[in-house]
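Before anything else, here's the structure in question.
A, B and C are the chain letters, set down in written order, and residue numbers restart from 1 in every chain.
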Amino acid sequence: RRGEMAKSTQLIDNEVFRAYTAYAAIVLLKMMLMSLITAYFRITRKAFANPEDTASFGKGESAKKYLRTDTDVERVRRGHLNDLENIVPFVGIGLLYALSGPELSTALLHFRIFTGARILHTFAYLIPLPQPSRGLSWAVGYAVTFSMAYKVLKTAWLL
Amino acid sequence: RRGEMAKSTQLIDNEVFRAYTAYAAIVLLKMMLMSLITAYFRITRKAFANPEDTASFGKGESAKKYLRTDTDVERVRRGHLNDLENIVPFVGIGLLYALSGPELSTALLHFRIFTGARILHTFAYLIPLPQPSRGLSWAVGYAVTFSMAYKVLKTAWLL
Amino acid sequence: RRGEMAKSTQLIDNEVFRAYTAYAAIVLLKMMLMSLITAYFRITRKAFANPEDTASFGKGESAKKYLRTDTDVERVRRGHLNDLENIVPFVGIGLLYALSGPELSTALLHFRIFTGARILHTFAYLIPLPQPSRGLSWAVGYAVTFSMAYKVLKTAWLL
């Protein structure tokens, strides 16, 4: 089985790349979870964006009142957009970082702190926790991505 | 010609990776198409977001009335954002999945169902088709990405 | 040191891939910068989206007035979303393009024009410059990504 995998690609045999793979998948799944939470709040708060989504509530005015914004729905959507703005650079820069030959322990530190910070960020946004919880968890994830970008650029230019 | 390519990288010689390459490019192009559709509706509906975009319609109040939201423009923008929220995880997790050594037939099944589901989703959003068309096409794409993430995490942890 | 890197991966030794790495990191960092500019305008314009962000301005009505949208903040946010819509396809398609074996000079031309166009786009959006500055810089970046996608699909299908 190992041989079969190695045949198709050697990348997955690299320990740093395997760690990147696991953490990138976890944060992308966490980001995808936001869609389900948005759907949950849209349905329980009866707050939809498209007329065709409210058709099952009847026709005309009775359905139109569910075409509205709701504070809880908007909060999840802001969290989701913030994930896109931060997890996308992590996944992109993280891939280049994993290929730039970092020490395994340093790489794990980066991946784990980022993943932890973004999970905290989601809790801080959705509960919500008082500031600066959300601000700090955002800043930690941001700094980790920045640190990986620094290593990537140093490697790409100096090699 | 083949030798030249092989010299620069072996990845592209892997059949699963080549399939990933084609489908990832197709769904990313489909996502990019949403920008053109937004521009089309902004121009035909005369609904802009920035004062500098309406300057050609004259100065002062006559131009200011085109700084407005329009239902059709907003609908395309929601479809575009939904693409970002779903196609980005597919491209990221799909890359890791393609490197995790899946069977070619299984991989093709994943890539093709996802691509078909997202094209259907766009039609369901823009026409619009009655629900649950959009909901189902979204759910199918979501499930495919989830299934690839499961394979990726299993490979990253068990190897 | 070179040997150590080569051991972990050969990709980074490929000149086109190294160029991709540098430009992808630069445009992703540029995109991340939009978060800081948004935060700057939110704080200086006192325009926030979450009640917990205004808690330090006092309780009740005195804080509630800072829960508002601001033209400058919204402008940066539109620029940020436009980056997501355009830089994400560049990073994804650019990776596949870098692996498709292009000439180094052609690849550099693509990467540099895209990066320049997106930096211009940000200035055109934030200053703002009169149209068609923003429209043209957007179109140039779009065309570059499209050109790379064409090469990727040709390689994936014809190889």
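Basically, a contact is a pair of C-beta atoms (placed from the backbone, for glycine too) under 8 Å apart; a residue touches a chain by one contact, two chains touch by 3 or more.
A quick map from chain label to UniProt name: A, B, C = Microsomal glutathione S-transferase 1.
Everything quoted here is computed from the prediction, not taken from an experiment.
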| item | value |
| --- | --- |
| Contact graph of the chains (line, ring, star, complete, other) | complete |
| Shared interface numbering between chain B and chain A [over half = same, under half = different] | different |
| Chain A and chain B, separation of their C-alpha mean positions in angstrom | 17 |
| Junction residues of chain B, two or more chains touched | 11, 81, 84, 88, 95 |
| Residues of chain C that touch chain A when the two form their complex | 2, 4-5, 7-9, 11-13, 18-19, 21-22, 24-26, 28-29, 31-32, 34-35, 49-50, 52-53, 55-56, 80-81, 84, 88, 91, 95 |
| Residues of chain B touching chain A in the complex | 11, 14, 16-17, 75, 78, 81, 84-86, 88-89, 92-93, 95-96, 99-101, 128-131, 134, 142, 145-146, 149, 152-153, 155-157, 159 |
